[in-house]
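For reference, the structures are reproduced in the following blocks.
Two complexes follow with chain A in common, the first pairing it with chain B and the second with chain C.
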Partner chain A sequence: MNASSLIATKERSALLQNQRGLAWLLAYAGILSAFALLLISNRELSLLDNAQVVYMMAGTVTAAGALIAVIMGSDAYAGERERGTLVPLLTAPISTGDLLMGKAIGLASAWGIMYLLSLPYLWAVGAGGQNLGQAIFYLGLFGTPVVLGFGYLAMALSARSGSVMSSLLTSLIILLFSASPLLIGPGLRNSAIGKALDAVNPFSGALNTYDAVIIDSDPFLSQLGRLVLVLLWLGIMFGVARLSARRPAFR
Partner chain B sequence: MLIDANHLALTLDGNTILKDVSLHMDKGQIYGLLGPNGAGKSTTIALLLGLYRADKGHLMRFSEAETDLVSIRRRIGVMPEFAGFYEWMSAREYLIWYAGFYGGLQTPPDALLARVGLAQAGAKPISQFSRGMKQRLALARALVHGPELLILDEPTNGLDPRGRREIHDLLIELAQQEKVGILLCTHLLDDVERLCTRIGIIDKGQTVLEDDLDRLLHDAGRPRYRLHMTDVPTVQSLPPSVNLIDWDGSWYTVEIEPSQDAGIAQTWESLLSLGWSFDEIHREKDTLEARYLTLTGGERATSQEKAA
Partner chain C sequence: MKHLKYLLAGSLLLLSTLASAASLQLQLKSDPANPGHPTMGDWMHFNSVITNSGQQPIEGLVAWISLVQVTPGKEQPMDLEDWSAHKAVTGTALAPGASLQTQWPMRLIQSGDYRVVISTTDRNNKTVFTSPTLQFHVAQKPVVESTRILPVALGIPLLIGGLLGTQRFRHRHRSA
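Then we have the complex of A and B:
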């Protein structure tokens, strides 16, 4: 087994065997459960169109996934440093590139588990409609780069700052800012600033695609521009993480 | 030679951390790296491990041809001061996992655990380990691949006297029988005197002394004497061959210049002529602690404190 695989194996076991990792997964499932329950049991929300409900659930899965990815990314280097496990990794015969790759694969595996966990919730709220398959497909295609991009951003900050708290707070602020289109409502989103933000914001890119394909049943080709945006986001954030992880803060 | 480091200098974020550090050690040697807190010991270790790159100086590990950091680290075992582990794993699982970076364990995990005194703890989750057990496990981790060079930062922290003795014996065995070079970074001068064959002292980012311990202690040229005074002496204008080191009540410690050692009677006479009055003289063995304090300015601080 090569060094990256060893790191990735450890990251997976940290998520599935360690109390902290299991608590994160439980928190993720809790967010989805609460939201799904609200969509089904609340009188006003339960009257929503099925496609609208699935769209909202897909958006929530992406937001909750990005939140957990940010927590995991912040812990990737700084958490290891604070627990005294980073130095043994840095002094082992592995390159910093392999270490980052192992952490990146570990994060991708965690998102894979979260994605699988979200399927029963999507099914629970959208089984009666025709857009469930599209929601699952586009969540994978657009949600994955958005979630992983935020995780890699947090990883970059974690490697550079060496502090879980500061990397987590900084990443959360950026995540909240990116998710602001969800909060500011359609009126502001149609303003010049709202449109400009939508055009460069990967989070908006994913949400607008969910809207277009799940609610409006737009074809895949019309979403290529947004696909480029989210892939670009993923690529840039991974590059930033690579630069930052070359000389991680270890003291 | 395992390490040949000459005049290393390092500046981090505009702060000069190391000014001039040199370190030379061979196979089978136990090298004590000493210095006050913040002197630059940990940074020196980080440089040796390639975690930093020196701005100046020359650093060779193993041989001039060995420049690839990954292959250098394959030959080094490291025990950092703060021993952290993935606590959900058992000791055995952890060692097997960590050995994967080196291509697998060289000895069975249980044999390695037994060697560091954890024979019964292999299946136990690390979260249930005491601090001393974690120190032992950290040493097992450093030995997982049979390294040629061991770098140990405060290896006996948290160990009881028996545990400390066991680790000492293991280190001596590694150095003498397996010819492992051991770089020991510690504040415990007792450990150094018991284990080390060579020492280096770093103060304020520079090496102030590097020598074989035997030569340092036995060939030290400045004998010390403790004088029991019957009256308070005048400490101003002492003879040039006499250096007042310390005083504690009526006991005064002086250092005599080596050239005067043979004719020591003359020195006592000159002190008596200055009004010094003493009824007992004890020669002190030159200790590592005394040398360390002199070189790192500790005695100056003590004397000033007492004078105040």
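Then we have the complex of A and C:
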């Protein structure tokens, strides 16, 4: 097993076997459960159309996944530094590229676990309705680059700043701003500024795709532009993380 | 004589208005395959026929669908955002006597009483023509079932909480 696979395995197992990782996973499941319980405890929400509910759940999964990815990304380098394990890692016979790759794969595996965990929730709110299969497929296709992009952004900030608090706060502010379309409906974003932000915001890209394919049953081809947007986001954020991880702040 | 002049001018004005207003005819019918008692989540289709009954060709025709809720106490125009992805037909030309048939699909999102209408206008004519309205009732249907949600929403956090508890217990046991 090479060095990056070893680190990736350690990062993934940290989510399932470590108390801190399980607490993050519990927080993630708590967000999804709270939303699901809200649906049945509120009369207006319980009458929402199936497709609408599945769309909202897919958006919530993406937001909660990005939140956990940001926490994990912020911890990736700065957390090691604060625990005093970064210097031994950097002096070990492993390149900074391999270290980043291990952490990046670990984050992707963690998202894989979160994605699998979201499937029962999607089934619970959407079984018997339309486009549940599409919701699961597009959550994987569009949610993965968005969530991992935010994780890599936090990783880059974590490597650069060396402070968990600083990288977490900065990443959270960016995430909150990007995820604002969850609260502001498409009608209210129909201004020139709203459209311009939608065109460059990967979170909006994913949400608009969920809306189009789950509610309006639009075909895959009409989503290619948004797919390019989220893949660009992932590629750029991974590139930024690579640049930052070459010289992580360890003092 | 003066009255006769006014009468003649008024009649000409009325005739010219009627002549221009009658250049487009709209028909709107509910699709025969539509459910008899539609409920939330069902699809309905409405078929419209727009006919150029005038002598002049019509350029740049725009036709759109509107939905109005007429449930007592909740009367309001509806935003079709989630109801329909096919909200308008634009830029069509219609020769004299030609017709444009359009099917308007609609997914029923909320319960209540609704009226649907098709409106149309064109590039050169300022008049907006409307079809007769069709009224329908959408029955309420609870779509989120608590029997499915409760086991998942309570079971998964309990499972992870159990794993967390086991980890803590092992950790303490090892430390001791």
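Keep this in mind: the second predicted complex is superposed on the first by the 246 of 251 C-alpha atoms of A that agree within 3 Å, B and C clash if a C-alpha of one lies under 4 Å from a C-alpha of the other, contacts with A are read in each partner's own complex, and residues count from 1 in each chain.
As a convention for this text, a residue touches a chain if its C-beta (ideal position, glycine included) is under 8 Å from a C-beta of that chain, and two chains touch if they have at least 3 such contacts.
All figures in this text were calculated on a predicted structure; none of them were measured in a lab.
Peer 1: Clash or fit: chain B against chain C, after overlaying the two structures on chain A?
Peer 2: With chain A aligned, chain B clears chain C, so fit.
Peer 1: Contact-wise, after the overlay, does A:Tyr121 reach chain B, chain C, both or neither (first, second, both, neither)?
Peer 2: second
Peer 1: Touching A:Ala3, do we find chain B (first), chain C (second), both, or neither?
Peer 2: In the superposed model, A:Ala3 contacts chain B only, not chain C.
Peer 1: In the superposed model, which partner reaches more residues of chain A, chain B or chain C?
Peer 2: Greater contact footprint in residues on chain A: C.
Peer 1: Touch test for A:Leu90: chain B only (first), chain C only (second), both, or neither?
Peer 2: first
Peer 1: Looking at the overlay, does A:Ser13 come into contact with chain B only (first), chain C only (second), both, or neither?
Peer 2: In the superposition, A:Ser13 touches chain B alone.
Peer 1: Shortest C-alpha to C-alpha distance from chain B to chain C once the two structures are superposed, in angstrom?
Peer 2: For chain B and chain C in the superposition, the minimum C-alpha gap reads 5 Å.
Peer 1: Do any residues of chain A touch both chain B and chain C, and if so, which are they?
Peer 2: 17-19
Peer 1: Over in the complex, which chain C residues touch chain A? Could you list them?
Peer 2: 40-41, 79, 81-82, 85, 107, 109-111, 140-146, 148-154, 156-157, 160-161, 163-164, 167-168, 171
Peer 1: Where on chain B does chain A make contact in their complex?
Peer 2: On the chain B side, the touching residues are 42, 46, 49, 51, 69-71, 73-74, 76, 78, 80, 82-89, 97-98, 100-102, 141.
Peer 1: Quick one: which bits of chain A touch chain B in the complex? Just the residue numbers, please.
Peer 2: By the definition above, chain A touches chain B via 1, 3, 6, 9-10, 13-14, 17-19, 80, 83-88, 90-95, 250-251.
Peer 1: Spell out the part of chain A that touches chain C in their complex, as residue ranges.
Peer 2: Touch residues, chain A against chain C: 16-19, 22-23, 25-26, 29-30, 32-33, 36-37, 39-40, 45-53, 117, 120-121, 123-125, 127-130, 185-187, 212, 215-218.
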